[in-house]
Each structure stands twice: as structure tokens, then as C-alpha cells.
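Okay, got some structures for you below.
Look at the two complexes coming up: chain A is in both, with chain B in one and chain C in the other.
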Partner chain A sequence: MDENTVNKKDEQDPSQSSRRNFLKNIGLLGAGVAAGAGALYSGDIFEKKKAATGESKVLLTQDNRLVEVDSLEMKALAKNPTKLMLEKGREGIEGRRWVMVIDLSKCRNARRCIAACQDAHQLKPEQYHMNTLQMQDAPGTSPYHMPKNCQHCDNPPCVAVCPVDATYKRGDGIVLIDNERCIGCRFCMAACPYSARIFQWTSPKDADKHAGEAYNVELNVPQKLGTISKCLFSADRCREGKLPYCVSACPNGVYYFGDENEDGVTNGTTKETVRLSKLLRDNGAYQLMPELGTKPRVYYLPPKNRLFPFEPSTD
Partner chain B sequence: MEKIISDLSHHIRLNKGFFLWMGFLVLAFIACLYAYTRQLRYGLGVAGIRDYISWGLYISNFVFFVASSLIGMLISAVLGLIGMKWVHPITRIAETIAVAFAAVAGLVIVMDMGRPERLAYVFIYARFQSPILWDVTVITTYFVISLLLLLLPLIPDMAVLYKRFANLPGWLKPVYKALSLNWTDHPEQNRIIHRSIYILLILIIPAALSIHTVTSWLFALTVRPGWDSTIFGPYFVSGAFVAGSAAVIIAMYFFRKNYKLQDYLTDLHFNNMGKVLVLVAFVYLYFNINEYLVPGYKLKRADAIHLGELMSGHFAVTFWLVQVGGLLIPIILMLFRRMRRPLPLTIISIAVVLGAWFKRYLIVVPTMAHPYLPIQHVPDNFKVYSPTLIEIAITLLSFTLVLIIITLISKFFPVIPIVETAKDKGLDPLKSIES
Partner chain C sequence: MKRLFYIILLVVISSLRVEAQNPGWIVPDDQKAKICLVKFTPDMLKQGEALYMKNCQSCHGIPTKKNFAAISPTPGDLSEPKVGTQKDGELFFRITTGKAPMPEFRNILTEDERWSVISFLRSFHKGYFQPDPEKMAGSIGKRIKLAMTYDTVKKKIMIKAIELTKEGPQPAKGAEIIVFVQRYFGNMQLTDTKRTSENGFAGFDWPQDLPGDKNGNVILGARVNDPAGKMQEAVVKDTLAIGVPTNKPALTDTRAMWSTRDKAPVWMILTYTLAVIVVWYFIIFIILSVLDMRKIKQA
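Entry: the complex of A and B
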């Protein structure tokens, strides 16, 4: 080949030019054919697309971006969705340490938090992830209503005793339950000093309606007979960057929720974001039974300076 | 020699009494099994347990079963190893009770599971931090050692009966031959079997202590008032000896009467077992005083509520019946020699066993009925626990199963070790085997 090129340069053979032209023509033809085929092919795909769907779907990606995808481009994953969600649910949301602050001076026992929670998690009226308890610390002190949920302890007794690793603590502070693995021994219920856990003793609410739905470990739905359920800090909402169901539903500004790492919590009613450390410091914040060593992730602000009279709950 | 063999094996036959009793047990078993199928179908909600009081009859019964199985270790190992010859005729009864209760204890815990079909997950996803895994491990170990301690001493008896018991039912012959493992009473065989039994008797002591200590930890490792106690291990172990000794006495009385074993299970054996029961009951009383007096003196808020409910509240009647009728009065009565005769001792033992069962109930349920935070906005059946009929039937299911196992073992095998009894009397039953 090298010899050939040298020849081309040095010798001016008249036949050389026609050979070059021939090659050129071949090249042009090739390019033309390629372009034509390409046009035909893309046209064909376009036609196919039109024929197949003509519709597109808006989807939320795992990193929380909204994208528009044509139905044709959507491929079902080989893995089943329950398994995928179980795997995702084992890992916390990177860099977050979720924390809740409950201002007892504002709670009027509206119980909207409970309604929103029970609605989201398919719970019966007597099943509470979040419950408001009527408390009185000592004789002579004023009674108050205390919303009580899972404290998402940093030293969780429930997680320690689980024999099958069905309940676990995530990096972002949330304690979750894998209802596809729970064997229903209820040791975690016995171990929890806050009575935060409930059990599906009978067929869960609307079990027939939800039968066959993929199980979402970050929402605990569909609820499963013979397994444990409890507050999840609305792990599904956290992933979407939204406030938990109970926090958003409160009409009285009781709840703050946010990220300890950012030192900021947002009030669910006013949507006002405040410094966590300042809120805790200025208001005499405390935790439930810290002497038990459970290290809860829920803080309470004492029920002082209330602007409304205490009304006992009726049931 | 012939008299010993015929005395100790004449009950090995199919008779009317056996069929009636087994028929009754099997019918009861099937009826109770039906109750369990309801639970399998509709969930644990068919029982009275709910959120808050989430452990009830099943777990109480589980603790009782583990407790009763411990007696095999006390009689065979502790009393046997320190050279008490009088326990020889009782060892097989004790091991039979141990094997039956240990085997069924594993099933009782499955009855309490919300998802029994996921039982294998306990091994697939085993988490070493959980006391449940420790419990599964030690109960299995204890069951295997107890079973070996039942089977190994049976080997020479099987050989003797296979060769010399003319009335051995034909269908049992292959079983006896297989279990005798070609025993010829060779000195080498004797050396191996004695060695094995000796090692097992030593091994079973830590295994037995572990099963009930770990079972007590299912409660003591939580922070709840009434369970949060450092003495729960020895408290449970001593309580187990009380329940087990009483169970052995009842079984001894039954076998003595029905299998006509008056010459082998004598007043001396009852007298001595009465003394054993008094001793372990005193130890248990001592732990009871510690368990109630120490928190009762300080009356920390949560402890005060718990003790108040036990001693003068919702559980008071059961509590005092158990403590006085099931422990204190039996101790006082059994101090008198006349009360350690077979019949009175058996009646006292029945009271002790009943007390022991309800004691487990009093350990499990009251603590759950009074958590740290108030129980509010829930239906009344969440606040007060009352077992349902189905739950009681499922609990009885476990008892019918234990009785079936004990009946089968004691009916088709000699209740009292034959070779050992003969050797204690200076006879050598196996001499003729070799010839």
C-alpha cells in the first residue's frame, strides 16, 4: 500500500486521474445510499411510533427529576417492583438525618394528623401509627394532648430483637419494616417502650381491593395480615422532598419536620423553616423517656403558654 | 429376674384402656387442630391478643412447656451424677417428660407466629443479635441431648426384651430390634454406652440452664416494668424445677397405679421426690421474694403500677391463688412426712403444676397490660385481655400432643429401666443373651 501511495505522488500517470474519479464516484454513491437508508430507517421508526402510541408519560426518576417519556421507550424491568422497592428502601436518603419536633403547646387534639396517616397507610380507625394521648405528668399539673408516633430511636430496642432483620434502621435515621419478611413474632412490640407498633391481627383494611398490588416498603402498603406496622416518618414523602402526611395535615402548627444535618425544620402548617438547634434551645425541648437510652429522633416542646383551654378527648 | 422383666414390661400390649385413652386424645387433638386451621385462615385475630397485650396464652404456655422440660436435667444429670441411686427408676419418666415438652415447645412458638409459613426465615435471615435465635438454638440442642438420654439407656432394655419377653407384640419386634442396635452386652459396648451417657449427662446441664435462661431473657432483655429484672434467669430456672418435679410426681403416681409398679415406684421414691420438690420450691420462693420485695420497697412509678395490679388490682385473685395455693401452702404441707406419701403428694403436685402454669400467665400478661404510655382511643378489648375459645383450644392442642407423646413412649417401652433395676438388685439380666 505504501509503495502505491508513493507511486501516486511521484508518477503522473494519466490513467491515475480516472481511477481517482472512479473511487470518488463510488464514495459519493455510498454516501448517498447510506443517507437514503438512514432517512428511510428513521422514517420507518417515526411511522412505527405513530402507529404504536402517539402518547407519552410523565415519570419521576429515582433522583427526583420529572421526565417525559414516550410509551414506546418504556421497558418493563426484569425485577419485580416489590423487590426493587425493598432494595431501595433498605438504603436511607443520602446525607439526611430526619428529625421531628412536636410543639405540645399548640396541639388541640384535632386528630387530622391521624386521619391523614391512616388514609395514607391503609389503616383501620383503631390502628395508629400516630396517636394523640391525653397526658398529665403529675397531680396538679395541667393535662395536655401529646401526639405520639414511632420515635425512630437511634438505639432502637425493636431492631435489636428482630430475629430476621425485618425491621431495620436506615442511614437517614428512619426505622422501617419489611412486611415481606416479618414472621409476626411480635418481639419488637414487646421491646418497644413507646407502644409505637401495631399488628395486623385480622385482614387489613380493604385487603381485597389492594390484593396483588406491589408492596411499597417506604409506605407499608398494602398492609399485610400477620405482620407488624408502624410510623415510617413518611419515608416515601421524604424521598420526594415533601413533608410527612401527618405534618402537612396539622391545622394548628404542631409539627416541625426536617433534616438534622441541615439544622433546619419546616412547620407543616405555616411552611416556615426555622433553625432546629435554636428551636430546641429556646423552647426547653425534651425527649420521651430518654433515661431508657433509646435516643429518640422525635423532640417535644413543653405544653406551656397555651392560648386555648384544655378539652378532654371524648373517648 | 423373670419377675423383674414381666413386672416392668407387662403393660406393653394393646388393651382396651389404651385404645379408649388414645381415642380420646386423638379426638381432642383433631378438635383443637380445627381451631388452629381457623387461626391459619383468619389470622391471629381469632385469639384475644391485640396491640398492647400482644403476647398472651401462647407465650405463657411456651414458657411453661420449656420449664417443664427442664426436669430431665435435674433428675438424670444433677441427682444421677452425685450418685443418688434412688432416682434410677424415675430417670426414664423424667426424660420422657423432657422430650415431650421440649418437642412441643417448638410447636407452641409456631402457633404464636403471625406468619408461620415464614418459619424458615428464622434460619435464612438469622440475626445473631436476637434472643429468639439463641432460644431456637438452645432448645434444639436440649431436645437432641434429651432424646439421646432417653434412647441410649433404652438400648440394653431393648435387647433384653427382644430376646426374653415372650409377649412382645409382633409389630413392635422390629422396632425393638432396631433400637437395640445389636446389643450383646459386650464389655466394649458397655464401656462406650456408659461413656456416652456420662458425657451427655454433663452436657445437658449447661444446655438446660441455657434454655430457660434464654427464655427468661425474651422478657428480661426489654425495658418494661415487671420484666426488666436481672434475676429472671435463675428465677425462671428454679421455677422450672418446681413445675417439672411436680409433673414427674404426677406421672409417677399414674404409672404406679395403672402399670402396677408399686414394688418399683415405692413410698420411698415419693418421699424423696417430695423432698426434692420442697427444696426447689424453697429456692423458688426465695427468688419470688427478691422479685417482688425489692421493687415493692422502692415503688418506682412504673413498678408501683405493675405490683399494684398484681397484688390488689385486676390480677390479684390469680396472683394470690398462685403464690399461696400453688407455692406457700404446698411447701408447708410437704414438710410433713405424711404429706409426702403417694396420694397426698400427687394432689399437692397437681396444685403446684396448676400454680406454675398460671404463674407464667402472670409473668407475661400484666406487664403488657401496663406499658409506660397510656392506652387510649382503642376498643375495650385492646385494654383488657380475655382469651378466646379458639385460643384456649389451640393451647389445649399442645397439651394433647404432649400427652400423646408421653402415652406412646410409656405404653410401648418399659417405663422403668429394666437392666439398671436388675443390676441394682445384683442380677445380671444379659448373661443369658450371649449364650
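Entry: the complex of A and C
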């Protein structure tokens, strides 16, 4: 019996030990797996964190704040960038009323403003948002050069006639055109007393190169065939706190640009900031065709004491 | 006698020719002596490079590449020994004042920014050693500190200039001060420059009609105007609620013909609605009349 029991015990022992071993092994394995998984997981988190802290990007938010965002935390929006820019472009910069002053006594037809503008807005050499005209007010008077762009009227006839709300005025005074909405009826061209608008009759400059690019309403690029284009007071540059393309390109100090609410305008060449009200008052400033009641946002200083003699344009 | 006259004439003419060949971009001696008051650092060099690429590269090209613009007078490559042998003060003066067609960078780059551009250029000049600012400190003289307050009674902005000397701070006399107001695209100078009095004060009339933000806040700055470089550039900036509170509505806030539907003039909305009502009234009137006629016919 004893032997038997002993035997049984002996027989049972290995089975018992194997179960215990089995359980023990499972326990060990489990602990191992758990530890391994934990290590892997924490490693993974660490790696992710490392990547997340590795590269940060500085971005401009829609409300014009500069923020630093981690490259991993950035998610591409499903929203169309064109649509985003269109929404942003409908709202002006809060609390601003842009105004331009053109000093005719300083213009010598260098045409750098035109070149900078055409470059920024993808225009052909014969297409002008900004042009310099040769003027002579009366037979006996001295001729002068006059840069002329969109006057960004406070009572814009072009906006009133647009049947599809493609051209619109913003709170900060800029009259913009949404080429995605424009149907090319050219009512606005007919309504504008300043002939500020152009029509894309033929395929725009470098249309193939820019095909498929997101449309930026504050820059009017890429230009669209069969739609209107015009001066935008460089709405994109204003947003960044920079002077418009034409203003900063002028070598002769013709242009002043600034905010009427602040009563300050900055010269594009010397970067000198002066009081708008004083500048207008002291120099006998005037506007183009004010009798039409369009209330332009561009002022002209008369071509008195010209700095450069009049030389007729060669082109 | 006649020979002597000819000799004198020749000398005069030759000296005139020298004058003509050197079409005077003459840097005054006191300007030549100006030096940067800090040691050039790699950060400065980096900033200088970025500024150079933005402001200078279009004419002067990339240094050592000799790809400067083909215009007259030729801008030249700024890495050349002709530039390298000039003193820091000379380069600083030329950048500051410009000479047509080169623009003046007085209002475009701050003094610090102009020095960082020079530090970038100096990295191409072999054998250049920066004059040690600390050793030179004695000869460049004054270190000025500015403080700004607003005098509500006199309606003046009071600038106090304090000179930091070895014996301690003392009021700086005769320092030329510029006060400017920050605007969206740049700083606007307030009246003319003024010199500080015996006790270091300079008062600037504050224009009572200058707009501030919606709370009347304006950002003001003051600095020492010191083209001779005898004083270290000192700047003070402060926000004061002394402007005219300006909170003009957006131009789209008023009702106008050109505006969107919800901002259309009231008379237009009324007339249009009335017209629609009148038209529909007559349509319904006619339909009811026709129905009435049918009823009469049936009866």
C-alpha cells in the first residue's frame, strides 16, 4: 500500500510538478509578455514623443496669430484650401481702412510698380492693375505721369452691378474679386469710371504652369480665363504687415500707403511714416472724379515742383 | 611768368580731374570711427545673411559669386578687397545713407540689423579682425539709458536720458532724442528731434488728435539720434493710453446699395417687399375671381 501510495505519489508527482511548472511557466511567460509589451509600448510612446518634439513648425492661423505646432500634431484638413482662402478673403483686417496717397511730383515713369504688380499677380506685360498714364490737363500746362490703379471706392459702382456677388467690398476698404464666382459678364468693367478692371480674354500668363494650384482670392492667382482681374491693394501683403508690391517697388518715393484709422501712411521708398491728414492738407491733395460720389480710397498730390522733368514714355 | 601760369593751370586742372574721378561718396571721419558695440556672433551672421538676401542681393548678388546686377554705377561684389579694406564705420555709413541708385537703409533696417549685415559681409573678408568693443569703449564714450513718462498737465511726453558712467548714473545733457509712434507699416516720428536739458529731460508735445486703438492705447518709442556714433543706441518702448480712442465700424457695416442682401438699404427692402405683396395680391385676386365666376355659372 505504502509502496503503492508512494508509487502513486511518485506517479502523481511529475504530473503535479508539470502542472505547477506549466502554471509557473505561463505565469512567467505572461509576466514576460506583459513586461515586453509594456517596454515596447513605452518605447513606442517615447519614440512618438521624440518624433513629436523633434520638429516644430511656425504657422499663421486664420486670425493672424503665429503659433508653433508640432509636425506630428498637424493634420491636413479635408477642406479645400481654395475655399478656406475664399472665406478668409471675404473678411477684411479688423479695425483697418487702407488708404493710398500718390505723389505726382515724384513720378518719373520708372514703371517699377507696374513690373512688381505684374510679377505678383501673374499678368502679361500688356495687362495692368497699375498703369502710369501721360497726362496734360490743358494745352498750356506741363505734362506729367500719373500712376492709376483701382481706387477701392467706398461707394463702388462695380460691386453694386455685379449680378453674382463675385466682386465685393471688405470691411477694411479693399474691393476684391472672387474669380471662382465671376461669370465674365463684364458689367463691373462698364460700371467702373476709372477703367481699373481688365478682362482675361485669352489664356492667362503661364496658365499651364499654374494649372491646379489653389486659388488665392487675396492675390487673384492663378488668373482665370474669361474672368475679371484688378488691383487688390495687395491684400495678402497687408495681412502680413507689409506694404503693397507696387508701393515697395517704387524707387522714387511716389507712394504712401497706410491705415486711415491710424492717420498714418508710410512711404514705400524711404519707409518714412507721416500723418495722413497733414500730408493731404499741406499738399492740396485731391481725388479722381469725386463728383461721381464713388468716394475713392486713393488720394493724389498734385504734380507741383516736379523732381524730374517730364520725359515721354518710350514704350 | 607765362610758363608758371601754365604750370599752375595744369596743376589745377589735374586736381579737378582727380575730383571728377572720385565722385565723392565721402564718409566723414567721425563716421568712419564708428564701430559695432557688440562682438559679431554666429546668430548675428545668420540674421545678416537673411537680411542681405532680402535687401541687398538683388543688386549686389551673392558674395564671391560676382553675379551683381549690370547697372551703372556698377554695384560690385561686396566680398572684394575694395570693400574688405574699408572700416566698419564706413560700411555702416554707406548702408545707412545710401547714394542713388542705392537706397538709404536708415528707415528700413535698424542699427542692429545694419550691423548684422556687416557681420555677414565681414565673413568674406580675409584678414579682417573686429575692433574689440570693450577696448574701444573709452573712445566711443557714452552709454545712455532712456525712460519715458507722460505729463498729463503739460500734455508732453517726457524723456529722461541717464548716462551710465563709472561713477554711477547721471543725467545725460544734450542728447538728441527722437520720439516715434508705432503705426501699422512703420514708426512715425513725433515732431522734430529735441536735445535733453541740464537735468537730462526732453519734452515732446503730444498731438491731442492722434488716434490710438479702441482703448486709446498707442505704442511709443524713443531713441537717441546719434549719427556720429558717440553714444550707444538706446531705445525705450512703452504703451500709453493717451491717443484718441478709435473704433470705427467696418466699411461693410453700413447699409448700402452695393452691399450684400442683409445690408441692403431699408427703403429698398421695403419697396421690394411691397412690390412682391402687391403682385401676389393681384394674382390671388384674379384666381379668386375666376373661382367666383365658376360658382356663379354653376348656380
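Remarks
To be clear about the criterion, the second predicted complex is superposed on the first by the 249 of 315 C-alpha atoms of A that agree within 3 Å, B and C clash if a C-alpha of one lies under 4 Å from a C-alpha of the other, contacts with A are read in each partner's own complex, and residues count from 1 in each chain.
Basically, a contact is a pair of C-beta atoms (placed from the backbone, for glycine too) under 8 Å apart; a residue touches a chain by one contact, two chains touch by 3 or more.
Being a predicted model, the structure only gives us computed values, none of them experimental.
For the composite obtained by superposing both complexes on chain A, the positions of chain B and chain C are free of clash and fit together.
In the superposed model, A:H210 makes contact with neither chain B nor chain C. In the superposition on chain A, A:R112 makes contact with neither chain B nor chain C.
Residue contacts after overlaying the shared chain place A:K124 against neither chain B nor chain C. When both complexes are overlaid on chain A, the residue A:G171 reaches chain C alone and has no touch with chain B. Look at A:R306: by the touch rule set out above, it reaches neither chain B nor chain C.
After overlaying the two complexes on the shared chain, residue contacts for A:A160 are found with chain B and with chain C alike. Of all Cα pairs linking chain B with chain C in the superposition, the shortest spans 7 Å.
Counting contacts by the rule stated earlier, residues 157, 160, 165 of chain A appear in both its interface with chain B and its interface with chain C.
Listed in rising order, the residues of chain A touching chain C in the complex are 92, 94-97, 154-157, 159-160, 165, 168-173, 241-243, 251, 257-259, 261-266, 269-275.
Within the complex formed with chain B, the chain A residues making contact are 126-128, 131-135, 148, 157, 160-166, 181-187, 189-191, 193-195, 197-203, 225-227, 288-289, 292, 313, 315. Against chain A, the residues of chain C that register as touching in their complex are 101, 103-104, 106-108, 181, 183-189, 210-211, 213-214, 246-248, 250-253, 256-260.
Of all the residues in chain B, the ones that touch chain A in their complex are 42-45, 49-52, 54-55, 112-115, 118-119, 121-122, 124-127, 129-133, 136, 218-219, 221-224, 368, 371-379, 382.
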